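Below: a set of structures, written as structure tokens.
In the two complexes below, chain A is the common chain; its partner is chain B in one and chain C in the other.
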Partner chain A sequence: MSFWRKLACVVLALVLGASVTASWLAPAGYAKQYREATNAPPSRTHWLGTDEIGRDRFARVLYGTRISLLLAPAAALLTTLMAALIGGLAGYLGGAWARMAMAVTDLFLSLPWLFLLITARALMPLNVSPLVSVLVTFLLLGLLGWTAAARVLCTTAGALRTSDFVRQARAAGLPGRRLFWVHVVPNLKPVLYAQFWISIPVFILSEANLGILGLGVAEPMPSWGSLLKELEGLVSVGEEPWKFVPLILLVVVVTSFQLLLSKQEEVAG
Partner chain B sequence: MRSLRWKIAGHGLALVATVLLGGFLSATLVRLAPGFDVDERELDPHLNAQSVQALRDARHQDGNVFKFYFSYMNRAAHGDLGTSLALGQPVRTLLRDRAPLTLRLLTMGLGLAWLLTLTLALSAAWLRLSVYDTMTTVVSGTFLCLPAAVLALLSVLWNVPGSLAIALIVFPHTYRYARNLVVKAYSRPHIITARAKGLGEARILFWHVLPVVTPQLLAVAGVSVSLAAGAAIPVEALCGLAGIGQLAWQAALARDLPLLVNITILVTLVTLLANSGADVIGHVVRGQKA
Partner chain C sequence: MKRHARILRQSGTPCGKAIAVAMLCLGSLLGRALAQGGELRLCLRNEPKTFDPLKVEDDASGQIRYLTGGVLVRVNRQTQELEPELALSWKVSKDGRQISFRLRSGISFSDGTAFTAEDVGYTVQQLMDPALHSATGDAFRSGTGKVETKVISPTQISIRFPAQVAGLDRLFDQVAILSERSSKKEMAVLGPFMVADYKPGASVLLKRNPNYWKTDEQGRKLPYLDSIRLDIQRNGDIEMLRFKRGELDLINVLDADYFDKLAATSPQLVHDAGPSLDSEQLWFNQVAKSPIPVYKKNWFRSATFRRAISQAINREDLSRVVFHGHAQPAAGPFSPANKFWFNSNLKPQAYSPDTALKELQADGFRMENGALKDKDGNEVVFSIITNSGSKMRERMAVLIQDDLQKIGIHVNVVTLDFPSLGERMTQTFDYEAIILGLTNVDLDPNGEMNVWLSSSDNHQWNPQQKAPETPWEAEIDRLMRAQASTSEPKKRKEAFDRVQEIVVEQEPFIFLINKNALSAVSTTVHGAAPVILSPQTFWNAERLTVAPQ
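And now, the complex of A and B:
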């Protein structure tokens, strides 16, 4: 493992550790208001200051990181499972199934990602509880992000279908279902792992975009998207530099994922 | 020639399928939208019983699902895309008014992104300096890790045009592919030999490198249209530019589904056309090279 990958692992472990232990590290809950100290600059009590309604920004960053870092992998898992089922099965069955699956994925892929996301998000109710908004946001990401992965898996499964060992197994009379689960799916694992890891930073960035546009996680629940929305009110960069901490954290985490992913991307093709 | 015809036919079929599917989706959402079965004109005290009955009869025609879909598609084919629920204006008018700004923004953004991409990719291949290569990779990697909406916000803060924000959103994606393609092409044995024999850089570029990388670069160019269209939403919404992206954002916030679906279909058609065009031109270029 190269130096940069080791560093990325350490950074991710530290950030994840800090976010998981937010209830101990943070001075207060993410929704607790200090009404006497609204829009306060960093101090000993509030390391990153407070927001416009007096909530501790450091606490919100920790809790927001927890939500983004735990739910993006969950959405990535859903995406990977869907891609494995749709792409893997279509590739394994081949013929008209594969062509149909590819036509559908091509159609989905031709839709710009953000347009698809906001259209799907608008179909859901917007005035829901914060917890439901978190689930809806990440569920949507998981449900809509499978197409590119399905395309790769369809091609890989198609190559496996015509491979010698699968042909031999079929000729030996192995039933199709057993052949798929016992011989095809285990050989798709490296591609599945790669697709899973690739999806995580994509979903983190997508949630941030949705949050800034006001279509993501609802208040008072924090997420990187809702924390970055604060940048909208800035007049100049140097005015309140501590407001950039969530952005710096996001860039560091996504960069760490990108560093870890360089090998995975080669596997994913 | 025959394969080119098949390619064009395939792309044409994909476009028709998108229009039909989009129309179907749009009509379904119109049917499901709140207030579909209600006509406020019935409350007008100036109307007599016969007029009210006529309005009800007209609406009853939409009760038949197949008739409704047919009449919706028929109206759409004649340019009537319905009315926006939130803005109360015909969708067609809204799209016509806002399309020029978005088109201008996307053209300038894509132009800038490709200028930056090709300049950096070619200079990386020409200079062959690991420091320069690392520097460009770090710069593009940093932009890749920034959410598009943050770049839009920063463009407002630094008072730079929205087209530059679009260029900086698209550039890291295109640069990654273009750099790899160009560097790979320059490391081919015949190009190394040509360089060793003292052939000019311009001649190597135009005669040996560009013919090899053009089809793949065209494919990336097709995809970059889709990236730029997606980037138009945060850039227009956060920079206060009244284009299609901002309209889509407003429609999403107001849950104006007929408008949102029509915009999505329009954008999908544009990106499909761009991808198909890039694919067909790439096919022609490959054919000429062969």
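And now, the complex of A and C:
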């Protein structure tokens, strides 16, 4: 294992450990409002300062990490599995199946998701607890985000279907199902991994934007998305640098995951 | 001025005095030259929907109407008093149905067409044409029938309405006079500026009206400015950045976050004019046919419940935390900024969660394991919705969520895009509580008839009632009609004072805060005196000057 991969493992372990032990590291919790100390800079009491209504930013980052780190990968996994099933299978089967699957994918891509999400919000009750809102949000993201990945996987699986080693395997009498699982799916892994890791930051940011439709993680629960929204009104980078911690954390975590992924890709390759 | 005085004191000889007098004259001439000309630059937050002053409904169009339109009378934005403009004098009849104006003579529109009483009659007839659907005209519509205009002479006109219109003279502040004969129609104006160029989505350029009739105390023609450039900019961050770079001279309305950021570096640029007329309020859905559980409707229709919620909200914290002190706890429907109509006996609801809990317990509610339950055992949980994108309202909702948690009430905060929120609020009534603001542009309570009458569409907590559903709403209806049917200010004030008291007793709207009027003015702008009434920073645009940077 290279130095960078070891470092990635350590970083991920630290971030995961900190988020799991959030209640011990930040006992006051993410919702406690210190109304006498709003927008405070970092101090011994509040390591990353407080937000605009006096909530401890360190606690919110830890709890937000727990939510985003657990649910964004879960949504990405759901997306990737759906993409693999629809795109991979369509590409492998080819012909009418591929055309039909891609037509469905194109239809999904052409749908005005903004209006569908507004409809989804309208159908949902207003009185949902923050936890349910989190689950619904990431489930929606997972169910809606598979289309682009499915197209990529369909093309890749299509290329594999006509490759020499698959033709040889088929000529040798290997049954279709076994051919798919033994020869096609392992060769789709690099693409699947890439799609999985790409989806994570996309979903984290999408969750923040879904707040506009009343679908994001509900207050007072934090998420990386809601914490990143704090940067919206920042006029200059040097003004309040501690507000960039969630962004730095997002970059570090995604980079660490991708460093590990490159190892996985090598193995899969 | 100080410098001139010092020169005079040092010049003892007649020759010296002559030099000093010459220098004074030169200084005065230079000052005059500096005082005139220049371009004022500011932003409109939205695209103006129309340049026709009679069709104005949005803020951006209203601001252009203010700068370009000539009116018969004008509410002085600083003193809140009505002052003569194109009309030298006016008289409202005792029955409040007729108003007569005596007009100034020798005035021309920007295209040179003469201004006469015929133009006033034409404007009023156009304004009251039902086919025009004019929001400005709606304010005059108190009864069915035609408006009669009678031109007595080129400088005299009387206008008779089919029914009494309360506060009739003040309503003419919004009526920009059109030319009957000009081929330029609404582009021929009587105000200090005229629209010279419009780039959709980018900017509106106003240039000095060469035929503007007003002069200053020294007899100089107004306005001083050559032009005003209004850039269309929706993004407040960019507006702020451009102001800091010196690309803009004014920010008309600033929110508390931006105000403090600017004040930290350039305190001389920001202005807090004190409480504005605008309020923020929370209300519960009391619509009988709304698709919410019956037990929740019972809570929301109980004055005790509403009062308890009001007592449990810390308004001081809302003002201090959310608005950084640039807001005041609201006492009732009208802000203290409305000098005449505010009921000064009203005080903001004191924060008292203990009293709130006691009142709820007396009403059959009880605490169980930190959660409040009603007498049937239903846990008190409700949602508050507000429009997404409004940081201030989102923060208020989170603070209220925390305040109510202290008396065992669980609140879910939901932000929705405005169209969805509007649909729930006015069509489906599928909501429990809402936080929104009320922007008051009119000082007179008649401007709020559409809010307080139980039959009105904008009677938000329970609109379009066929007959008042509660005795106190019936009383408000009666008082609002009573104040509208008399032209005696004292009687009107008494009636509206009582309306304010009933609203505070019953809390159909739980008034939270009155925002301060915050603005920013560059040091290059002279003569600016920000006020609470719109347009806050350029209400005296004709007397503003911009020094070269």
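Just so we're on the same page, the second predicted complex is superposed on the first by the 155 of 269 C-alpha atoms of A that agree within 3 Å, B and C clash if a C-alpha of one lies under 4 Å from a C-alpha of the other, contacts with A are read in each partner's own complex, and residues count from 1 in each chain.
Assume a contact is a pair of C-beta atoms (placed from the backbone, for glycine too) under 8 Å apart; a residue touches a chain by one contact, two chains touch by 3 or more.
Model, not experiment: these values are computed from the prediction.
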Going by the contact rule set out at the top, does A:258 touch chain B (first), chain C (second), both, or neither?
first
Quick one: classify A:107 as touching chain B (first), chain C (second), both or neither.
first
Scan A:115 for contacts with chain B and chain C and give back first, second, both or neither.
first
With both complexes overlaid on chain A, does A:202 touch chain B (first), chain C (second), both or neither?
neither
Check whether A:18 is in contact with chain B, with chain C, with both or with neither, and answer first, second, both or neither.
neither
For A:59, select first, second, both or neither according to whether it touches chain B, chain C, the two together, or no partner.
neither
If you count the residues of chain A that each partner touches, which comes out higher, chain B or chain C?
B
Quick one: classify A:126 as touching chain B (first), chain C (second), both or neither.
both
Residue overlap on chain A between the chain B contact set and the chain C contact set?
118, 121-122, 126, 212-214, 232, 235
Show me the residue ranges of chain C that touch chain A in the complex, using the header's touch definition.
237, 240-241, 244, 257-258, 261, 317, 320-322, 381-383, 385, 388-389, 391, 394-395, 397-399, 401-402, 412-417, 420, 430-432
Report the residues of chain B in contact with chain A in the complex, numbered from low to high.
14, 17-18, 21, 29, 141-142, 144-150, 153-154, 157-158, 226-227, 229-231, 233-234, 237-238, 248-249, 251-253, 255-257, 260-261, 263-264, 267-268, 271-272, 275
Can you name the residues of chain A that touch chain C in the complex?
31, 33, 35, 38, 52-54, 118, 121-122, 126-130, 211-214, 218-220, 232-233, 235
What residues of chain A sit close enough to touch chain B in their complex?
103, 106-107, 110-116, 118-119, 121-123, 126, 201, 205, 208-209, 212-215, 225, 228, 231-232, 234-237, 247, 250-251, 254-255, 258
